[in-house]
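Quick one: the structure is below, and I'll ask about it shortly.
Each chain gets a letter, A, B and C, in the order it is written, and its residues are counted from 1.
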Amino acid sequence: MNYSRRKFFVTSSTAAAAFVLAGCRGINPERLGGQADGFANVDQSGVVAQGPIGKNLPSSPILDEVRGRGFLRCSGTDTLPGFSQTNPVTGKLAGFDAGMAELFAKYLLGKPAVNFVKSGADTREAFLQNRTVDATISTYTITENRERIVNFAGPYLTVTSGVAVQLGETGIASSADLAGREVAVQPGAAEEALLREVPNAVPVRFEESSQCFAALQQQRVEAWVANTAIITSRAGTDSRTTVTDIRFGESPFGIGLPKGDDTYKTVATEFINTIAEDGTWQKLWDETAGLVDRTTNPEPPAIPMGR
Amino acid sequence: MMTNMSERSPSQGAVIELKDVEKSFGATKVLTGVNLSIAKGETVVILGPSGSGKSTLLRTTNRLEPIDSGEIWYHGKPIPREGRELAAYRAEVGMVFQQFNLYPHKTAVQNITLAPVKRGKQKPEEARARALRLLADVNLSEHANKRPGALSGGQQQRVAIARAMAMDPEVILFDEPTSALDPEMIQEVVHVMKRLSADGMTMAVVTHEIGFARESADRIVFMDEGRIIEESDPESFFTNPRTERAQEFLGKILNH
Amino acid sequence: MDDLLKALPGLLEGLGVTLYLSIPAFLLAMVLGSMMAIFRVSRVRSLEVLGTLYVEGVRNSPLLLILLLLVFGLPDVGILLPLELAVIIGLGLYSGTFVCEAVRSGINGVDVGMVEAARASGLTTRHVISEVLLPVALRTMIPPLATVFITTVLSSALAAAVGVTELTGATRVYNLVAAQPFVAFGIAAAGYLLINLLIGWASAKSERLLRFNQ
């Protein structure tokens, strides 16, 4: 995971430069791309070490290619705490999605060899279509439009969205109250969930969850919508903001796969069911997103074959 | 001639007077102990080999080059060193350059009216009418609305002279006004200069045009190595130069 | 196709926001950059230092960092700019350094004699600059300034990272729903191309209009 190391270096030096530029007057470098403390100890490597290895896997074009290459090319983000973000101590991508990618690689190859390719919500389909990657594990919500051009295995996790507001905010009691208000979101799953639930909300998009959070603290926006794991990790521990009871929008996350290789998709589905049944899935959740989100306790998935 | 009355007082009737002017560019001394006064209505021609400091002398007079020591007086007062006062002084001292230096984005008329209008000396319509008269004086009426790029060198230099005239200057400095011109265009410029001189304009002219110097100069100043080494009326200078350097110099240019 | 029709108003609005950001940003850059360029050639030590600090300080920071500082850094010291304004200022500051260098080399390219003639005719420094130096320099500066303008338009895409939904942001929104990245970003590219062709055309046109030999 060379990329992660470099990225970490760039982010931290950028943040440091920002801090200096700001005249050291108490500007919080984290918002410029740094880390939240709460996730410093997210590390899935113990879980991955015990993860299962697939037996008697069939042959298919992509499977053969991956085996021949010896590692899995997987795209995702590095800005989602608890799901996929660079751990400042180890320099490796840490989180639930990062662990899923390593477990999947291990299931296919016997070792968690993943070549991480950073992609935002913009490029996920393109990367799969032009075969830049073998899989996308990136809080990637399964939708009909996407299923026309990529395969999905899963859902491997279904999350609900939560809403954080400024402390003392009384005008937002239900999701409908978000209509017409400026709401911070990260592009992708959270944004989709928000617009499905409240089409007239005004999304204000920031790359990093730390920035969404800062925007809320600084009263640039009236609310912040993200999945409950992310939102409780930040707003739950802060004195200026609070997490509301509002929950909405089931977002089913799937492993995105290139279209056309259905054997590969079946293997991916079997992988999800295997780690759900043998307890690996639960351990992964507990070591990653579950560390910060104790309010939700998602069920391990059980995907009917043929989905 | 210098009297003992006071070293500091200007000569009678002098428009411009330089006293003990010294100037170096880095380690190179270009003016050494230069004293010169130019009287009202006088045409002074400054001659000398190249590198003798003629142009620098001219350029110190309107402070395009600041001097290291000495003094420059204008109508009995030291010239201003900077700011609005310096600009106001320069407005009274016209200058014509070897390379014409017209503003390429402005027409002939606009070149002439810029300074009078911007200095608030003339209203735009008034300045324009004046500029057209000046252009007529130098035979350029039909080129009034052309930009410099569309004019020949001789035409450009005549516009430049009209531009200098537009401010009704007390004195005009000519810095080798014909050196950059093709031979066939020199006369049209010299002709204009001769007329100005005859009309009583106060002029200081650095030139190699011996014809002009003979006919129009009231006085010849000969410079060598940053010093004025000879000053006399044209007749005696050209027929009987006193210094060896002047003889040498005349020998070279008159044989060409 | 249906999705595209539905998304078209949003994409057009994004195009509008791109213009709304980049035009004022470029104007700001022009004012700031020209001022700093004059500082840099002023031969007044303190002004030269100020101009140099500005150019070297801002030009050597990534634009994203500047935007993040304005959006997330300033509120911590009590200044909360609206997002669009923050982007316009950040973009203007950034492009201003390139304007400064274009103007500076334009000024340095102006024939010294012309400026001397203007000074010798009694124009004040202000008029020498506004009437002679800048208008003459401007002609040589048009092509590099057009390039700066184009870069400003393209750089405005970074606004999408700090909460402003301009053309790139709008394209992402469309793609999120439609899952058609090639169509979506093809449209965005066409939008930028359109704007930049217009700038190129205007630049060539004004160069022709301002040519000296007329």
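Everything below uses one rule, namely that a residue touches a chain if its C-beta (ideal position, glycine included) is under 8 Å from a C-beta of that chain, and two chains touch if they have at least 3 such contacts.
In UniProt terms, the chains line up like this: A = Amino acid ABC transporter substrate-binding protein (PAAT family); B = ABC-type polar-amino-acid transporter; C = Glutamate transport system permease protein.
Predicted model only: the values in this text are computed from it and were never measured.
**Q** Which one of the chains is farthest from chain A, going by Cα centres?
**A** Chain centre farthest from chain A's centre: B.
**Q** If you average the Cα atoms of each chain, whose average lands nearest the overall Cα average?
**A** Nearest to the common C-alpha centre lies chain C.
**Q** Could you please state the distance in Å, as a whole number, between where the Cα atoms of chain B are centred and where those of chain C are centred?
**A** So the centre of chain B lies 45 Å away from the centre of chain C.
**Q** Suppose each chain is reduced to the average of its Cα coordinates; what separation in Å results between chain A and chain B?
**A** Once rounded, the distance between the two centres reads 80 Å.
**Q** With chain centres defined as C-alpha means, what is the inter-centre distance between chain A and chain C in Å?
**A** 36
**Q** For chain A, jot down the residues that touch at least 2 other chains.
**A** If we look for residues of chain A contacting two or more partner chains, we find none.
**Q** In their complex, what parts of chain C are in touch with chain A?
**A** On the chain C side, the touching residues are 3, 61-62, 65, 68-69, 71-73, 75-77, 80, 83, 160-163, 165, 169, 171-173, 175-182, 184-185.
**Q** Which stretch or stretches of chain C touch chain B in the complex?
**A** 111, 113-114, 116-125, 127, 131-132, 135-136, 139, 210, 212-214
**Q** Using the touch rule from the top, collect the residues of chain B that touch chain C in their complex.
**A** So the residues of chain B in touch with chain C come to 62, 64, 84, 87-95, 97, 99, 101-105, 114-115, 118-119, 147-150, 160, 163-164, 167.
**Q** If we count contacts the way the header does, which residues on chain A are in touch with chain C in the complex?
**A** It is residues 14, 17-18, 21-22, 25-28, 31-33, 120-123, 125-126, 129, 143, 145-146, 148-150, 184, 187-188, 191-192, 203-207, 211, 214-215, 218-220 of chain A that touch chain C.
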